[in-house]
Structures are given as C-alpha cells and as structure tokens.
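The data blocks that follow each hold one structure.
You will see chain A twice below: alongside chain B first, and alongside chain C after that.
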Partner chain A sequence: MSERSTPDARGWGVLAYPVAMLAVFFLGPFLIMLATSFYHRIPGGFYEPAFELDNWKRLGSDLFVDRAMFSIRVSLLAGIVGIVVAFPFTYFLTSMRRRWQVTLLVVVLSALSLSEVIIGFTWSVILGRAAGISNILVWLGLMDESEAYAPGFWAVLLGLVAIAFPYCVLAIYPSLSRLDREVTEAAQTLGASPWRTFWTVVVPVTRPTIVAGFLLVFVFTLGSYLISAILGRPEHWTLSVFISDQASFNANVPFAAAMALFLTVVSLVIVAIVLWFERRATARARGN
Partner chain B sequence: MRALRLVVTVIVVGFLLGPLLVVAVVSINENRYMDFPPQGFSLEWYGQMFADPAWRAAIVRSLIIATASATLAVSIALPLAYALRSYRIRLAPLLYALGILPFMLPPIISALGAQIFWNATNHIGRIENVIVAHAVFFSTLPLVTISLAMEAMDPHLPEAARTMGADQRTTFRTITLPLLIPSMVTGFAAAFVLSLNEYIIAFLVAGFSVETLPIKIFNSLRYGFTPTIAAVSVAFILIAATVFTLFAVFGNLLRFLGADPAVLERAERGR
Partner chain C sequence: MTADVQTAPSADGGLRLRELKKRFADVEAVRGVDLDLPSGKLVSFLGPSGCGKTTLLRMIAGLERPTEGRIFLGGEDITDRPAHRRDIGMVFQTLALFPHLSVAGNIGYAMRIRGVAKEQIRRRVEELLGLVSLEGLGDRRVSQLSGGQRQRVATARALALEPRLFLLDEPLSALDANLREQLQVELRLLQQKLGITTIMVTHDQREAMTMSDLVVVMRDGRVEQVGEALDVYRRPATAFVARFVGSSNLLRGTAVASDRLRLGDHDVRVGGTALTVGAEVTVSLRPEEAHLRLDERAADGDNVLSGTVVFMRDLGELFECYVDVGLGDPVIVAGSPRERIDVRPGDRTSVAFAPDACVVVEEPS
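Moving on to the complex of A and B:
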C-alpha cells in the first residue's frame, strides 16, 4: 500500500475490536495483578484491597532469592547448551537441499509444539528405571542393573534444553539462511579450511543473532513450568512453579503477583536488550 | 565437513525423536506397566483413550478450547494486522508491541493475570475463561503471519481495485482477504496446536474445574503411570507433525520461518 492515509471512521472501527480485546483481557488483568501485589493477604486463601509493601519486601527473602537465582542459573545454562548445539545444526541445515530443510524443520516444529508435559513425561521414561536408557544398556549387557537418572538437576537441565532447542533453531535460522554463501566460498577459495571459515567468517557475521537468539531462549526457559515440576525435586523448581504454587496451593495470590511482576521486569529488560541488538545489526547491515 | 554434517544432524534428530520412539514403544506394550523390552503388542491403550470417559472428556474439552481460542485469536489478529498496515497510525509500533507482548512474556504472567482477573469478576472456573486467555496469549501467532502477508502483498492490487471504483469494503472482501487466507490458516494452525498443548494458563485459570488434556496427563502422572498417557502422547505428536507437514505442503514453510527467497531459489536448484 503505497499511500497510507490517516484512519477515517472506518479505520478506527476496524482497530477498535482487537485493541479493546487486548486492553480488556491483557492490559486489564495485568493492571489488576499490579494492584493485587499491594493487597493484604488474609490467611485461608483470600486477599483484600490494601496498600502495603509486604509482598514486595518478601522478594528480598532468602527463599525467593534462592528460587530466582536457581531459575536464572539453570535457564542460562540451558540457553547456552541449546544455542551451542543448535548453531552448527542450523548451519548445516541451511546448506541442505530444500526437501531436507523442510523435513527437518517439520521435525523441529513438531517438537516445538509438543506440550511440556509430554516432553517431561518422555524424558522421565527415558531417564527412569523402568523402560529407559539404563534398561537398554542392561539389555545390551553393558550394565548390571537399571538406574534412575530422574528426578534430579541434570534431568531438569536436559529437559529444558529439549524444550528450548527448537526455539534456538528458529531464532538462528533466518540469519543463517540469509548468510551469503559467496562469502564463505570466497574464504575457502582463498585457502581457508571449512573449519576455519566457520570460526572466522560464519560465527562473527552472525554474532548479533546468536546473542539475540540466546536471550530469547533464556526468557523462554525462565518461564518454563512443567519440566522442573516433572523432572526435578522441589529444590529444582523454577520461578514459574514457585509462583503457581503460591497462587494455587498456598493461596497467597498477592505474593505470587509481586513475583510475577518481578519476572515481567526481568523478561522485558532482556527483550529490550534483544531489540537493541537487532536494531544495531540492521543499522550495520545498512551501513555496508 | 560432510561427515560432520551427517553426525550432527543424526545426533540432533535422535535427541528430538528418541524420547518419542521410547514412548511409542511403551504405548504398545501389552502389560499395564512400563517394560523394556516391551512385552507383546497391543493397541488397547489407544482404545482406552476414547473408551475411558475421563480421557474422552479431556480430549473433547481440549479440542473445543483449541478451536474456539484459535478462531478468536485470528479474529483479533486480522483487523489489527490489516489496520496497522493500511493506515498511517502514529501509535502503530506501540499497538503492534501490545499484540506481541503476551506471547513474549513467560506464560505464568498471563496465567496469573487471567486468574486474578476472573476472580475479580467472580466468573470462576469456566471454560470460556480459558478460551479467552488462550486467544489473547496466542493471538501473537496469527498477528505475525498475517502482518508478514500484508507486507508481502503487491500494493498495486488493492490500488487497482480502488481505481476501478470498488469501495474500501469491497476491496478488502474481494482482494485483500482472499490473499490473506493462507496466512490466516497458518496462524490459526499454530495457535490451535499450541493451545492444545498449553498447561499453565489453563491450569491457573480453571484447572480445578476444566480439566484439559495436558492437565489430565499431568494429574495422571502424579498418581502413577498408565500406558494411556503414552498413547495420548503419541496421538499428540502425530497431530502436530500432520499440521506442520500440511503447512509445509500448502504454505511456504521456509519463507514463513524467515529464509531469504533468493537463497531458497538457489537451494531449490541444489548446490
């Protein structure tokens, strides 16, 4: 549309419905949640309007700091592992014929759309004592007795990598598929080995994407819920499980609201950094 | 490098599909318990999925929520994507950000917000609460697909219609809308599949009265393993794979995921 006009009555009419829906059912709940974080909790499951900072002060408690630090640590780790594996995979993927690209991406998208509960369940089977890896090893005669690897920290990390991996691929894919192959070919014509080309050309050129992709995946794993609930013990619970637990079983909605807002701020800061990176990358691409 | 490419690809595909294979094996085990190697072959657990009223009800409930919320999500995304692209609106970036934000933030935030919101309105534990919460959360997906299609559309087409005397409504109905249908379908499909699999929003909004399939699976896991869980998981995996395969066959999957058209053309010819 070459000539865009300022909206007339019809234009505002078209906009009214979607904006109203988002305002009422997204901004509305968000503002009510903000208000609730200052409310007073009545033991027994209810809360009443008030203005007190107790819920926010509890964000400084050892229990919360401990949960938050654990969540951030395990999500960072999962993001790093995910990107480190996804990057070479996606690089190879973009060099394949179209048919193979489509097939592999259907596998990736199917994995992405699977419920965390199913991914958590499948890994709990694999890592479990009854029908998992250790049973295969016993069956092959490599082990004497089957062992359980879940629940535990490594099981949680593995599960988080499993749910994060498809997002890592999708975050890196556009930039790698646009990578001008003539540049890599030129590097190889000049005598660089494929390995050297990868490290000195491909990685530096796509560095902003790698960082942006990593941060997005970090936000995603930070919000994960079921993986740590299924594959971890309570000490491996992420912030989301803790928030949901406070809101439902402990019936402390105001404290849950304060924690959710804390998570919102952390996520927004990370998203802002991603946008800043992307803008810088576009500016650099235009400058060339 | 070619050998390395094969090794990396096989490892990754194994990592993504391995657990699914194990579950598929468990789902056809004749025995009630998890066994390896599996004992016998039986499709009983797949039958159980539909025979057991509790499982069947959860499946039906999840399908209703996914269909209704994906429809509602497209109905929110279409006018927003259309208006932001057709008119010069100063707040456009802000409005677009509003549409992207729910999905960008961790789902627990939308989940808790919706729970508190419905508590405040005293309209608790209804299926429509989940539908609306999912619709808003997943409306980002059709918003992105439809916005991309609006950007890719040849601006001369609606212009030509206007020159020939069609009013804005007719232009939209006869030119713009038909061109947007593929992107609406892909947006719908993505929202549908993700809604079908969503847990935490459904749980906090109405988990105790509206038991969706993921909630049912999680609850069953707590009370111990039944092979039905494995059968349901396999069914879900097949649904997701079918949707995205159709997506790849009827839409341009690679383009949608952000590949460069020129590069794709080269990949087509095979390097």
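Moving on to the complex of A and C:
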C-alpha cells in the first residue's frame, strides 16, 4: 500500500479539475432533478417550486412497480445475452491476426455511429411482416405465410443486445487481448481440452472484465427507451419510455424526475451487489 | 546432417523425430529434423533465436502441428495427438502461471482437471511443494512470489502428474544471472533424481553445458551437431558450432601436407584429422588452448604464430589478449591471471598452441 500524504496546493489544483467536471456533468443535474422531484405539478401547465412527497408516493403504484421490475429484468437479461454473445466473439477476435483484429474492431466500432433510432427502425423492418426475414423463409419454402416478429418481447431484447454489443466487445477486448497465450497453452499441456481451458482459465482470469461488461450493458440498456418504444408493444415498454412519456407528453416533469432518480438509485444498488459478489468470488478463488 | 546418437537406446521410452518440418505462412521454421533422444536424459536444443528450437519443442508438446514428419514417443506415433492428451509437463518462457489461482491451485490444476480426489490432490501438492523447496507457501498468491519461487511453482506444476516428457522452453530466462546459475543446478539435480526424459530449449551455452546429457545444436531450422555437451565443445563439427558454443578462433588456410596447414606466412601442424593436400581447411582454436609467449621458441613441437598485441582485457577470473598475427581477424588468447605475461597493446608477442588443439571444422562456403 502506498502512503498518501495530504495534498499540497498543487495537489488540490489537480483534484479541482475532476471535482469541477463531476459537479458540472453529474452533481448539478442530479441536484436539479432531486429538487424538481419534490416540486408541485400544475395540471395542464408546468410546475412550481414546492416541497411535497406526492411524486415519490406515486412510485408505489402498481403500474410503476410493474414497469420498474420489467425494465430491470429485461436489462439484466440483455446484459447476460450481451456477454454470452460478445465474449466468444471477442475471444475468437483476439486469436486472429493483428490486421484482422483491427479491421473487425473498426467494423464493430463503426456501429456506434448509428443512432438508436436507426438501429430500432432497421430491426423493426427486418423483423416485420412486410419486408422482414420471414419473407425469405417463405420464399425458401420453410414457412407458408410471412409473420411479424416485431413488435414483441424478443424483438426488444434483440434490439437492446444489438445496441449494447459494440460496448460489450470494447469492454472485454483489452483484457482478452492481454491474456497471455502461453497461459492457455499451459492449461492444455496440463491435460485440459480447449473447452475446459476456456472454462477453467480464460473465463476465471477475465471474470472481472466479464462482470464489468455485464454491468455496462445493464446500465446502458436500462437508460434506453427508443428500442423498446419501437420494437415493443406497450407491455414491453421500459421505465425509460414511461419517464419520457411523463416528461414530454404529460408535462409531469416532477414525477418523471422522481422516477429517473429512483432508476439511478436502483441501478447503483444492483451494481454494488454484483461487484460485492465479484470481490468475494475473487477472494475465494485466490484462497483455494 | 543426420544425428544418430550411439548412446541412445531409442526403442524404450525415448523420443524419435522423423523428417520433421514446420512452415509458417512464408517462413520455414524447421526444415527437416531427425533425432533419436534417449529416455531419462536431459537434452538441450541450443541455438540462436530464430533457429527453430522453440518451434521444434512446441511440435513435441503438441502446441504446433508439423507441416510434415512424424513424432514417436516410446514407439507410439503421437503426431496427431492434441497437447492435452500427450502426457507432458512443460515450463514456459513466461512461466504462464494461472494468475487467478493460488500456488497450490496452480500445482494441483492438472489433477483437478483429471478429477483426482481432493484429499489426494492436497497430499500430492504438499509433496511437490517439498520437492521444489516451497514448503508452506501453498496458500500464497502467484503475484506474491519472487521470480525464483515462481519458476519453482511452474516446475512443480509441470511435474505434478509425473509426465512422460518434461519440456522446458528457456525456463530460466526471466531470472537474473546468479539465481539462474543456482536454479540450473537445482533443476538438473531434480531431473536426475526423478530420471524423467527432459528436453530444454536454450540459447545459453553455459546453461546447456551445466544441465545437459546431450546437446543438439540448431541453426536455421536444421540440426547442426548432436553430442555430449563437452564433446560438442571440444570437437565442434562446424564453424558455426565452434563460434556459437563458447568462443573460437577460426583459422583458414591451405593444407600443404596431411598434418600441415599453411596460414598466411605461418605453417602450423594439425593433430587428429588427416588433411587432403591442397584443400582449403578451417580449424577452430579455443582461446584457452592458446598461450602467450614472449619469444618464438616453442616447447615440444607446439605451433607458434608471432604478431602484435592489439587489445588486452583483464576480467579478474581470466584475461583475454587479442593478437594480430597477420591473418585478418586477431587471434584471441585467454587464460587464468596466473598465466598472464606483461604485454601491452603494440608489443610484439607470440601465440603458441598444441597441434591437437586445432580442430578441423566444416565451413559451408
């Protein structure tokens, strides 16, 4: 452990910059939201400063609880599916030649330039009845009549995984590409098949990264609302859709603020729980 | 050249390589290797980087698929067997310890993979920790160990299941010089105690000579010479071996008699090999076989080359003197400080050596 003395004048200066950035980009908006969540809404109008708990009390309503639970479930699922899809992809990617790795990474990264709207509508076309993939299946004679796969729950999940995939790859890539090839070879000389090597060496060694990637997708998709609005029916709409509805259509900004804060707190709690499990698992593996 | 080693009874547990070749995209790393390696011995693949020694070892381990050729272990063809079913133990250059496991977890890995009972693993790990002098460190994390301790963990891990082949890929290259010498002796003693067939890749001729029963000198994907360590040193077959294994003065001249060589203005007598008159011949002269003389009087029919001292260095344990005798490269003379005579750069001196010290070597033109 390194000794840390109290910062001198220069140290404070260095510290001031990140603090200022945090204040501008996170703390300020957060406090404004917090204040707004206690404001009084004027029906049909705007809102005025006040201190009332009405908005927070509404969080107990069945509809809200239902939406919140659904959002968390779908985001957890998206995180799991995202990792399951992205991890093997990245593992194979890192075993390719450098040139191929760079090419494929550029392709994956370029997907980040597409907006959520474009991705959402693209999938709704692909999965739709009129021009979707089921037409190909009909043409191949595998189906009698074209079907619509969107809107629906699986379409929402697919869309979320699609937007989260590049982030997932980016989160996992550094640690997989740093994984010493000799370590996996050592496992093989010790009698582990490639499959067992993957599970007993590659996955445990990169587990912190896997957890980080999972959390990234979870938090990221929890905030996404266009995908579920485009690819889902009302029962598949996430809390984020609900929040934007309240804020922009019902002009109920105080309630939207309360819901948004709630969502932030819940995701922080889940992140904390997952990280706690991760630490414990790491400690246990080392003690073994 | 083929390398049949008389000391090798190849029928038993030994390793046989036949016509082994490996081509990567456009590089031919191994260009046809035939070797019979005895069981229970330690064999070194010695050569400069890029000579194919590591690729050869990796093919034996099953980590690289030969482009051509077969590998036999104890009479069995194992060429197509994947690494995890070859029954080998390997120590890698980076050691490749599992960072997510403790010392005991690393050493017990092979047994866990095979489903050995927990209690049995625990006892065997204790035993192995004792074998490599790491008693009581089983619970440590790999990151808490020193370089030498990590090396020992890698060794214990590779030996856990008493493999048929023990492979070492530059196993000590990560360590500093003193520790390396100490571990060379330890590893050699361990190998002899267990009597396990071992192949070590190294580019360090001292390491090869310290540890090996047999040395395989490699160059450009081919075997240059095979022999017992001291034999290879004393009787290098080629100019390359003479230069790479230890240092050597290579003297080029024309044979004027079956035992006489014309070197510039000098005539030297060559022992051992009968020369063909008129042939271009290269002989290797080890620096420690040459001696400095103040005058040109040679004792007992020794060869004498006279010249001028161009460089002198004293390394404490030995001195080296570079003497220009008019043959292009200066002749290097090395000896213990006791044999040193008082000469300085610019002084006239003579270099004397016995006819037997001249070893005729092949030199591809």
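The rule is simple: the second predicted complex is superposed on the first by the 237 of 288 C-alpha atoms of A that agree within 3 Å, B and C clash if a C-alpha of one lies under 4 Å from a C-alpha of the other, contacts with A are read in each partner's own complex, and residues count from 1 in each chain.
We adopt the following convention: contacts are C-beta pairs under 8 Å (C-beta built on N, C-alpha and C of every residue); 3 or more make two chains touch, one makes a residue touch a chain.
All values derive from a computational prediction rather than experimental measurement.
Undergrad: Just to be sure I read the superposition right, which of the two partners does A:Ala68 touch: chain B = first, chain C = second, or both, or neither?
TA: In the superposition, A:Ala68 touches no partner, neither chain B nor chain C.
Undergrad: First (chain B), second (chain C), both or neither: which does A:Val201 touch?
TA: In the superposition, A:Val201 touches chain C alone.
Undergrad: Once chain A of both complexes is superposed, is A:Ile83 in touch with chain B (first), chain C (second), both, or neither?
TA: neither
Undergrad: A:Gly191 contacts which: chain B (first), chain C (second), both, neither?
TA: A:Gly191 contacts chain C only, not chain B.
Undergrad: Is chain A touched at more residues by chain B or by chain C?
TA: Comparing touch counts on chain A for chain B and chain C gives B.
Undergrad: Which of the two partners, first being chain B and second being chain C, lies in contact with A:Ile210: first, second, both, or neither?
TA: After superposing on A, A:Ile210 lies clear of both chain B and chain C.
Undergrad: For A:Val183 in the superposed arrangement: first (chain B), second (chain C), both or neither?
TA: It touches chain C, and chain B stays clear.
Undergrad: May I ask you to decide whether A:Leu263 touches chain B, chain C, both, or neither, giving the answer as first, second, both or neither?
TA: first
Undergrad: Hey, what residues of chain A end up touching chain B and chain C alike?
TA: Overlap of chain B and chain C footprints on chain A: residues 194.
Undergrad: In the complex, go through chain B and note every residue touching chain A.
TA: For chain B paired with chain A, touching residues are 1, 4-5, 8-9, 12-13, 15-20, 22-23, 25-26, 33-38, 75-77, 79-80, 82-83, 85-89, 95, 98-99, 101-102, 104-117, 119-120, 132-133, 135-136, 139, 155, 158-159, 168-169, 190, 193-194, 196-200, 203-204, 207, 214, 217-218, 221, 225, 229-230, 233, 236-237, 240-241, 243-245, 247-248, 253-254, 257-260, 263-264, 266-268, 270-271.
Undergrad: Considering only the defined contacts, which chain C positions touch chain A in the complex?
TA: Per the touch definition, chain C meets chain A at residues 61-63, 82-86, 88-90, 92-94, 96-102, 104-105, 109-110, 113-114, 139, 141, 157-158, 160-161, 167.
Undergrad: Touching chain B in the complex: which residues of chain A?
TA: Answer in residue numbers: 1-2, 4-7, 10-11, 14-15, 17-19, 21-22, 25-30, 32-33, 36, 85, 88-89, 92-98, 101-102, 104-111, 113-119, 121-126, 128, 130-132, 135-136, 139, 162, 165-166, 170, 173-174, 177-178, 181, 194-195, 219-220, 222-223, 225-226, 229-230, 239-240, 243-244, 247-248, 253, 256-257, 260, 263-264, 267-268, 271.
Undergrad: Which part of chain A faces chain C closely enough to touch in the complex?
TA: So the residues of chain A in touch with chain C come to 180, 182-183, 185-194, 196-197, 200-201, 204-205, 207, 282, 285-288.
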